[in-house]
Amino acid sequence: MKIIVFHGSTRVNGNTEYLTYQAVPKEKGTHIYLRDYNVRPIIDQRHDETGFAVIKDDLKGLIDQMLSHDVIVFSTPIYWYSMSGPMKIFIDRWSQILRDSSYTHFREELSKKKVYLVAVGGDTPTIKGLPLVQQFNYICQFYNMAFGGYVIGKASKPGEIMNDKAALKQAAMLIR
Amino acid sequence: MKIIVFHGSTRVNGNTEYLTYQAVPKEKGTHIYLRDYNVRPIIDQRHDETGFAVIKDDLKGLIDQMLSHDVIVFSTPIYWYSMSGPMKIFIDRWSQILRDSSYTHFREELSKKKVYLVAVGGDTPTIKGLPLVQQFNYICQFYNMAFGGYVIGKASKPGEIMNDKAALKQAAMLIR
Amino acid sequence: MKIIVFHGSTRVNGNTEYLTYQAVPKEKGTHIYLRDYNVRPIIDQRHDETGFAVIKDDLKGLIDQMLSHDVIVFSTPIYWYSMSGPMKIFIDRWSQILRDSSYTHFREELSKKKVYLVAVGGDTPTIKGLPLVQQFNYICQFYNMAFGGYVIGKASKPGEIMNDKAALKQAAMLIR
Amino acid sequence: MKIIVFHGSTRVNGNTEYLTYQAVPKEKGTHIYLRDYNVRPIIDQRHDETGFAVIKDDLKGLIDQMLSHDVIVFSTPIYWYSMSGPMKIFIDRWSQILRDSSYTHFREELSKKKVYLVAVGGDTPTIKGLPLVQQFNYICQFYNMAFGGYVIGKASKPGEIMNDKAALKQAAMLIR
């Protein structure tokens, strides 16, 4: 079972990363820090005559990596009650991949994946983070991916996640 | 009552724009198309010793415009069950404004605003768009802004929004 | 197209009823006022050796009526952010019908129905009523019923629904 | 810290009870099994000239017990994606208590309580049970009660909750 983690945090060694490592230790699985890659925001050209323009960035490399693993973990700090910008930009671009003739297998391949979510927020995240969970669930439904579970941690200042013992424990039990 | 609309669509004259014009006609209010502006994704430096680095882009101009209006309409296509990337990037950066010594009035000024949401999606949006509505509600709560209401339209292909008579009617009645 | 409305209100001629009549006028469709019927709360005997005890109340008559219509409208005041007790009691008992040998067709028959929801609440219902909408959507999914749409009105005191012009208009357009 | 648990299950020794005992062992706290009490569904007479009719049932005894504890745990099986009928009936009647001249202290007393939720469902409860969580959160907000947290377990057949190790662990850590 090969695990890939997409880290959406824009801060190195932040609370979200720490919590995620309880679920997938650094030395296990492939850890992708989206902040280190260049992915352009989508421009919706689904209905353009010539379709999507080719964009030279790191998207396809990331997609290829994703498809070569069995389990996908999305790890994101909760920015304004939803996923971080870098993670949103990454996922938005899947719409382009869906129309890319080199990726006709994209949807079917994803349907074999199992997905987990790790999210950390500062403002009552176990309540206000629930819409985010529901959105990831809808994404999984769209691609027919199994949504294996999620952990929501509470933290704001550096290191604060250490106090959320319940979340740390949950993370450690997340992927079985 | 001065109205500003932030359009999050990346497609010109799309369904979301059309629906939004039922609520705020082009000639009424200030229409900002985020796709025409350069706003960089946030890098979370809240906890850096020196705070946020100065970023030269269009953010502050947009913020100033927002603050000079009474009513804010967020208009976004539903991309993967949440707001579009450009809108997310814009809102994420508010975290930086909150720490900017030139914007100590930011939070208080926003608390005087009334907010509306117009969203359009293709995949059962009146259900799967509800987490997005809840997230905007949480954003409003954070800033103590009044959330005046929302309209969710169903459309995917260009022009399809014309068929969602209920949403068109709702949009026309949205802002009173 | 035969329409049946289940009214969950415990007050005659309340706001929820008024709003519902905009969608389904009194003289159109079959109007069932659950408060006028005797339906016992479920006792979960799914796992008892002898199964559910026979209960002499009005449940089966209501179920038969429901199955003989094409469209089902659930009309409920929002009590503590979810459906009213009488409506909950009615729906809870469907679990018993599912195990009743006289109703082996129950689930399949329901899968042919189209469902609408009308709900009225006093405390920011267009936000705080959304979990209720999501729950009805899940019920529809379980039975593979089409969820045709919903209207949420705001009212508390008698007659107050008259002020919610947007909801009244939406209700009038709900069933097409 | 005195803890009271309201059990909404209609089955003795079911999965929900088992999970709840991990959070509050039988010998700790006061355990109320709502199925053993007679509580009538509310009839909304808030707007009647003479107000609510006096109802002779067990409601006030339960309310008095609730008010004499510091922590309230609501334990409910998920019936059709929301709380069980008996629990709904109990909470609906709080509207009557709010208007009862013997309970003018009701709202203020509740504002001192801390609330937890334990819920168990069979159909992807960690997703489809989230609206229920949001509803309890709104109830807590209304009364200004602190919502301390929740656990959602997955189980349907008797004993199945034993397999949900993560929920059992979470329950054991719920109340600190």
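Observations, loosely collected:
In this document, chain identifiers A, B, C and D correspond to the written order of the chains, with residue numbering beginning at 1 in each.
Definition applied: a residue touches a chain if its C-beta (ideal position, glycine included) is under 8 Å from a C-beta of that chain, and two chains touch if they have at least 3 such contacts.
Note that this is a predicted model, so its numbers are computed, not measured.
Chain centres here are Cα averages; for subunit A and subunit B they lie 23 Å apart.
Chain geometry summary: the mean Cα position of subunit B and that of subunit C are 35 Å apart.
Shared interface positions of subunit B, i.e. residues touching 2 or more other chains, are given as 130, 134. Arrangement of the chains shown, judged by which pairs touch: one closed cycle in which each chain has exactly two touching partners.
Pairs of chains meeting the touch criterion: A-B, A-D, B-C, C-D. Those residues of subunit C that touch subunit D in the complex are listed here as 9-11, 14, 35, 41-45, 47, 77, 79-86, 88-89, 91-92, 94-95, 123, 128, 130-132, 134-135, 138-139, 142, 157-158. Against subunit C, the residues of subunit B that register as touching in their complex are 126-127, 130, 133-134, 137, 147, 149-150, 165-166, 169-170, 173-174.
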